[in-house]
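Have a look at these structures, which come just after this line.
Both of the next two complexes hold subunit A, though its partner changes from subunit B to subunit C.
The block that comes next holds the complex of A and B.
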């Protein structure tokens, strides 16, 4: 069932938890609301559940306006953080709770069916406190799913589990979602969790949706410094565009890429033109971004800038911008082998200040004139033993892997969204 | 004591220097430290038994003397064994009447105090309103105030409002001080309840009324039960406040005992006291037994 939030906001006293928000979640999708704690994601979820009343706007489920409906009248069920299982009821009665309230028939049979789905048949008569965290999580899931809700809301459902169990439950949740085919809305602060499970991710920050799209799209083409830093790691460089035909621009390659002069870089860096929306979708067709095209986001009414206007297109008109590149896209060549850098690559000379060995990969910190700490990840395939701290190197990457961000918008600087050290 | 047990321990290092080689521990040492060691190991159990004895001894004496056949009016010296009092507990004029009155008042006061106290506890734990902290302080007052003061001031109040002293005034007084204990017990329980449980119930199609009956009340029940039991015990044996607010014809059981004690306590008072004690112990034991049986069943279900 399609969920539509239109102009929905929530204020507590003079604190605005959620700014007016437009969001549509297509039927049958796995939708993740991702953000740090206090960003408004849980409040948004609670407004969907009916546990919080929006200060403005409307909530639609399919064609029905459910804005004013109390939680027990909504065809929506929630898996709560820490599960909220009823301690005075056993597992079977916990699962039967919703069915009994609605006085449906065949309660016993439906509960047994659900116990099988989550593989807890043997524990039907235990009390919740006698179960492990993973088992409690599955009971909470069964208790919600047994009612065949049109939308299932999950509030950090895996937050209390250890890493290994969390990985397993991520796959299990995804399997169940595919099996039952209903819309899942999942709130999490764990970017990896959101990326693994969701078809569409909405990154929230300070009560606003920063960007919405398929996981690959958010990662490859972040539109704000916050998204660039919150999802993985980004190297952001401040620069001024000089235009493809500008006096310093070298357009001999004729690639149409924007040239950006970054202080400290020997030559302007290349930034590909922002791909058209259709092009982006085509790019991602193979990566599983099935629902991104149908999903729309923006900020309604009183909200700030529209999300669309923040991409590189605007920056190209002249203002300063932030040039971004992911650490794993950068390659390092020793300074004396600088001639091996492919033609047309963006290049920054520098000196390795730190090298970390992580087994599967290596992490280098490179000090360059353009950026004091350029982070570089290298796969541990054939380790170049010359790359030790102190070595002079050239860091280079393909212009195609460069993204541009508006340096002034959003009130964010290059460090927005970075986790505290 | 423990030091004495330690010093001759054979593991003590030999003094350095020209001291003679460490002697074997003398055979006598082990012999006289053994009882000390035993004492040390069982000190907690012994202290516990002593405390229990201290608490239970008076009850044992009451029970024993309920089988006495006193020589005179006073049941203070053992004379002869008899079950007369047990076979005829109402043989003393006024005793069973006062017992019935006390039970009626205690039951009614418990019922009213538990109902009002639970409501008040929910209000104080769940909502913010003007005068909340004042209410909290006022609720606490009856517990902190000396009973004599409370009894006397209530008596003055009833006298001035011209409510006739009797059953109703005693009931009002008892409900008032029982209320505090119920509020405290229930409030503590509500505060420790996870508010998400009620949200979960609402999310699972339970309306406000069903949420209350199916989730809130069962979860608060232990607190409410504790408050109710406390109320009953407090109301049943209250003497001071009752004394100030009773009418000429309303004599509760504690008042009857007090009155009888002036002229010589009848054996039947011991019978009633012992019976109440045995009943209370039986109720507690039954509760324990039921709980442990339920746990065993759960464990069995868990294992199976």
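The block that comes next holds the complex of A and C.
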């Protein structure tokens, strides 16, 4: 069942938890609301559940307007953050709770079926407090799923689990979602969790959706500094675009790339011109692609697309912009081997100030004139022993891996979203 | 030789294990902590109990003195003579407890879940009557319920007294010296003992459980029936016990607000001790009351099923 939020907002007194929001979640998708605590993601979820009444706007489920329906009359169930299992009922009765309220038949059989799905059959008569965190989590999931809701809401369901268990439950949840085919709306502050499980991720910040799309799309083509920093790590460089007929580095290669002059860089850096189209053109992560396209987001009143896709468009007309590149896209060449840098790559000379050995990968901090701390990740395949702190290097990367952000829009600077987990 | 001896103690003074005396002190700490309460119980509970027990099987008179003669007839005599008093005591206490629950539960519920910033004010208001003596408050009720007073006048005008009078709960024109007055007095005086445990058990319920119930198709009424109330049972049990037990033994309310026809067992015991001066009979009645309360309470606890309460 498609969920449609239309101009939905929520204010508590003077505080606006959620700014007017338009959002549609296609049927059967695994949708994640991602953001730091206090960004309005849980409030949005609670408005879907009916636990919070929107201050404005409408909530539609399929063709039904459920805005005013109390929670017990919505075909929606929630897995709560602390599970909220009924402590006086055993596992089987917790799971049967919703079925008993609706007086459906075959309660025993349905409960047993669900106990099998979450592999808790042996614990049916335990009380919640006798279960481990992971087991409680699965009871909470079973208790919601047994009702065959049209939408399942998950409020940080894995937050209380340790890392290993969380990883396992992520895969488990994804498996169950594929198996039952119900629309999942998942709230989390863990970007890895959102990216692992969701088909579509909406990144929220201060009560607004910053960007929405498939995980790979958000990662490869962030549209705001917040998204660039909140999802993974980004190196952001401030620069001024150089017109197509600019004095240096003009479009002689005819590659259609935009040239950006960054203070301290020896030559203008290049970035692909139409990143808005890149989303559909890019290959990859695949599975989520279609649902991301069906999904629309925007701010009510300002029109769906105005907040998006404009960053580079404006930049092309001459405004300053932020040029971004992910640390793992950057390669390092020792300064005396600078000739090995492929033709056409963006390059910044600098000096390694710090090198970290993480086993699976290596982290370098490179001080350049354009950027005091350029972060570089390298796979630990053939470690170049020359790359030690103090070494002069050239950091270089393909222009295709460069993204541009409007430096003035969104009220954000290059560090927005960086403190977040 | 002499050089070696002083060298030894500093060597052992590093991260040495506690000296035996310190370990013994630590092992005894729990007992020291229990000592004041233990002494208190021994002096003010166990000793009087033994003394009463021995008194209850004595015979004799005030003039000749009482001696232990293992005279158990006091018990059977007391039951025979004061059966109605016992019954009345338990009936009044039970009704008062039920009324306390009916009045106290909504108040405790609202205080725990809806009072917001008024919560502490409500709790203070619940406790406030304790700042006045029990006796004074009950005497005040005597004035409030007095014949020709505003309460009687209002109830009479509304024809409530006709109904309660027909049921034998009140007189046709008066409230004082009726069973209703005694029950009202008991309810009033023991209400805080019901509210406070109820409040503390309700207040501990995680509000997300209510949301979870509503999310799982429970109407507000079903949420209360299936989640809130079961989880507040420890408070209900504690509150009813704290109300029922002292109410069964109470005699002030029956004395001040009732007539001889509303006398409870507490009044009878008081009379035996202070007026008749038949100490063995009074002691036997006290023991009987205690035993009956124990029976009633254990049956109740069995029914309420406290073993699985959270």
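We adopt the following convention: the second predicted complex is superposed on the first by the 398 of 421 C-alpha atoms of A that agree within 3 Å, B and C clash if a C-alpha of one lies under 4 Å from a C-alpha of the other, contacts with A are read in each partner's own complex, and residues count from 1 in each chain.
One rule holds for everything that comes next: contacts are C-beta pairs under 8 Å (C-beta built on N, C-alpha and C of every residue); 3 or more make two chains touch, one makes a residue touch a chain.
Keep in mind the model is a prediction, meaning the values are calculated, not measured.
Applying the stated clash criterion after superposition on subunit A shows that subunit B and subunit C collide.
Applying the stated contact rule after C-alpha superposition, one finds that A:339 touches neither subunit B nor subunit C. Residue contacts after overlaying the shared chain place A:147 against subunit B and subunit C alike.
Contact with both subunit B and subunit C is seen for A:102 once the two complexes are overlaid on the shared chain.
Within the superposed three-chain model, A:49 lies in touch with subunit B and with subunit C [touch as defined at top]. Touch criterion met: A:86 reaches subunit B and subunit C at once. When the shared chain is aligned, subunit B and subunit C each come close enough to touch A:71. Of the two partner chains placed by the overlay, only subunit B lies in contact with A:125; subunit C stays clear of it. Shared interface residues of subunit A, touching subunit B in one complex and subunit C in the other, are 49-51, 70-73, 76-78, 80, 82, 84-88, 97-98, 101-102, 127, 143-144, 147. Contacts from subunit C toward subunit A in the complex involve residues 206, 208-209, 211-219, 222, 226-227, 230-231, 308-310. Taken in their complex, subunit A has these residues touching subunit B: 49-51, 70-73, 76-78, 80-82, 84-88, 97-98, 101-102, 123, 125-127, 130, 143-144, 147.
Of all residues in subunit A, those touching subunit C in their complex are 49-51, 70-73, 76-78, 80, 82, 84-88, 97-98, 101-102, 127, 129, 143-144, 147. Interface residues of subunit B facing subunit A in the complex, by the touch rule stated above, are 194, 196-197, 199-207, 210-211, 214-215, 218-219, 298, 301-302.
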